[in-house]
Amino acid sequence: MDRTAIDGDSSWFEPDELELLRRKVPFPYIDVLPVRTDAHGRLTHLGLLLRATGESRIALSLISGRIRYHETIREAVVRHVEKDLGPLALPELPTSLVPFTVAEYFPTPGFGPFVDERQHAISLAYIVPITGHCEPQDDALDLSWYSVAEIQQPEVLAGMPHGHDLLVRRALAWAGVA
Amino acid sequence: MDRTAIDGDSSWFEPDELELLRRKVPFPYIDVLPVRTDAHGRLTHLGLLLRATGESRIALSLISGRIRYHETIREAVVRHVEKDLGPLALPELPTSLVPFTVAEYFPTPGFGPFVDERQHAISLAYIVPITGHCEPQDDALDLSWYSVAEIQQPEVLAGMPHGHDLLVRRALAWAGVA
Amino acid sequence: MDRTAIDGDSSWFEPDELELLRRKVPFPYIDVLPVRTDAHGRLTHLGLLLRATGESRIALSLISGRIRYHETIREAVVRHVEKDLGPLALPELPTSLVPFTVAEYFPTPGFGPFVDERQHAISLAYIVPITGHCEPQDDALDLSWYSVAEIQQPEVLAGMPHGHDLLVRRALAWAGVA
Amino acid sequence: MDRTAIDGDSSWFEPDELELLRRKVPFPYIDVLPVRTDAHGRLTHLGLLLRATGESRIALSLISGRIRYHETIREAVVRHVEKDLGPLALPELPTSLVPFTVAEYFPTPGFGPFVDERQHAISLAYIVPITGHCEPQDDALDLSWYSVAEIQQPEVLAGMPHGHDLLVRRALAWAGVA
């Protein structure tokens, strides 16, 4: 199995070692919602990735990933955005690292709304306006922009695994557009 | 007396009428801290206005002003930024209108840290990155950029009336740079 | 018409004067969602008021009201909670006055999600755990507690005027329970 | 060496194993500031622990600790509060898990304001009102309450290692009392 297929940013560990660690400690994570805003800063569109999942299916997805050892949160956000959207995306990181929500992913189904069968992850979620040009990379097959109205349609939200539909709802609520 | 000298955005009222209203109801306000950020979104500099005060003195100041009747908060932020910094300042408004702090200005000295002898104002305070070119306008004589270290020097903070030094400290705390 | 029927906290103004002011300046407001929490602080129930509206109908409602001249936000929250829930409600006010959302009510239908035909109000919204005994007062006919699941049922949310259903959704999102 | 002396909540690991993990992955942490509030929810006092440090010195300290594997953030907060303040402290956890700040502790001196020579920790910081009776436990020798004015005296803040003085300042700023 390809290491990238397990986790795009696992390059510092052998797969076996990462698997072992994941059964022992919770991992600090970030979730990023790429957005477009209008001239007054109001959120107008959200970007979702079409990502190949492990079971050769395709799912709508946010930008997510681990914070590495000795990496700052800001570095992790930039790294994951560039990994998925390419080096010309020009993300505008927020002034404050206070997240709009904290998502607790557990490997045990039914333990809460956020599920990640691989690990216990504690994720800081950010909204990040994208001002440049996106070229989906790596295992991100494509990026689609949805208007605030479009993304709230049940068929879109239903296509998001891991509880990411809830992250989208919380982002819209915090941004004051739903 | 010139109306602008009383309040830069009082154009919808005669001075007498505004004075009367100000003794009856609290006014919704905004305070904006213009900032520069680095490529990772980290706050590096804050901009302070040199403003002529009523008593022909000069004070360091934030961008502040009323929210008008039937005006949105985003419109008020853009209007006040353009009024003080000119039309080419290109402010990046935050995605969320949740302020980093709420400042309660009272006309009575000693009632709290924020004082405005003219009125009771309830102010939503925002950090706004400025990406364009600033040309101080109106009663704003000049704009000076201070690094995070410089602005915390006692002589700078001491020159800020109305409790604005406290707003600067809260902004730095919220932005995670102090 | 009874003054209380216009606005529960209008006692400092004659109705005519209040009507006049309301067409000239926006009013600072608060919205309070009374909640019950479990031993770990997790939101379990929200309280909605059954309130008689002007047109002799009944609507589900939050605790809302003006901030008076020279009143602090904390005083306004306590005053409105006691007015609607009685003096034994024992509200636990939040440590920070940063609201979970800012609601902009406009008198013009269609201008935004929050509508108040009487005025332009800028409202700071807070979640306030209630630890005591509630005795609905004044024009609040009754208080009903809804579980997090119950309150999200369409028939409950649909019964909330002014866009208050949106405030409930944003509160649940911010509290991390929806 | 006693395991508790290394880390109060390391009971799930042998010391060697914990040391090894700490050089490989960042640890999700919490920092808790115990506070007293008045009837209007306003922060009046902060509690600091007198804690024996590894080098047989004594330092003023917050309540800090790891989030364990498969433990919720709320469980971790309650566990660490009870560990340091005893089972009768009756902490009032916040309704939202959005922290007032995120502290990034690095093992490398000079890398940032928060330093922890043992590990890279990413800490969610919360203000938690304490309503019960505190009996310092374990390696917490005593708990002292400081008024908002007292805690800002340089000699108090200077006695706080790891950058905890900065956490106190950010907490006061967020709570709107400094």
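Going in written order, the chains are labelled A, B, C and D, and every chain counts its residues from 1.
Following the convention adopted for this analysis, a residue touches a chain if its C-beta (ideal position, glycine included) is under 8 Å from a C-beta of that chain, and two chains touch if they have at least 3 such contacts.
Keep in mind it's a predicted model, so treat the numbers as computed, not measured.
Trainee: Of the pairs given as A-D, A-B or B-D, which one copies C-D, with over half of its contacts the same by residue number?
Mentor: That interface is repeated by A-B.
Trainee: Using the touch rule from the top, work out which pair, B-C or A-C, shares more C-beta pairs.
Mentor: When A-C is set beside B-C, the one with more contacts is B-C.
Trainee: Chain A to chain C: how many Å between their CA centres?
Mentor: Chain centroid spacing, chain A to chain C, equals 34 Å.
Trainee: Quick one: chain B and chain C, Cα centre-to-centre, how many Å?
Mentor: Distance between chain centres: 29 Å.
Trainee: For chain C, give me the residues that contact two or more of the other chains.
Mentor: In chain C, 72, 97-98, 100-102, 174, 176 touch at least two other chains.
Trainee: Which residues of chain B touch chain D in their complex?
Mentor: By the definition above, chain B touches chain D via 101-102, 166, 169-170, 173-174, 176, 178.
Trainee: Can you tell me which positions in chain D touch chain A when the two form their complex?
Mentor: It is residues 13, 21, 23-28, 67-73, 97-102, 104, 106-108, 112, 120, 122, 124 of chain D that touch chain A.
Trainee: Using the touch rule from the top, collect the residues of chain D that touch chain C in their complex.
Mentor: Touching chain C: residues 35, 37, 40-43, 72, 74-75, 78, 92-98, 100, 127, 129, 174-176 of chain D.
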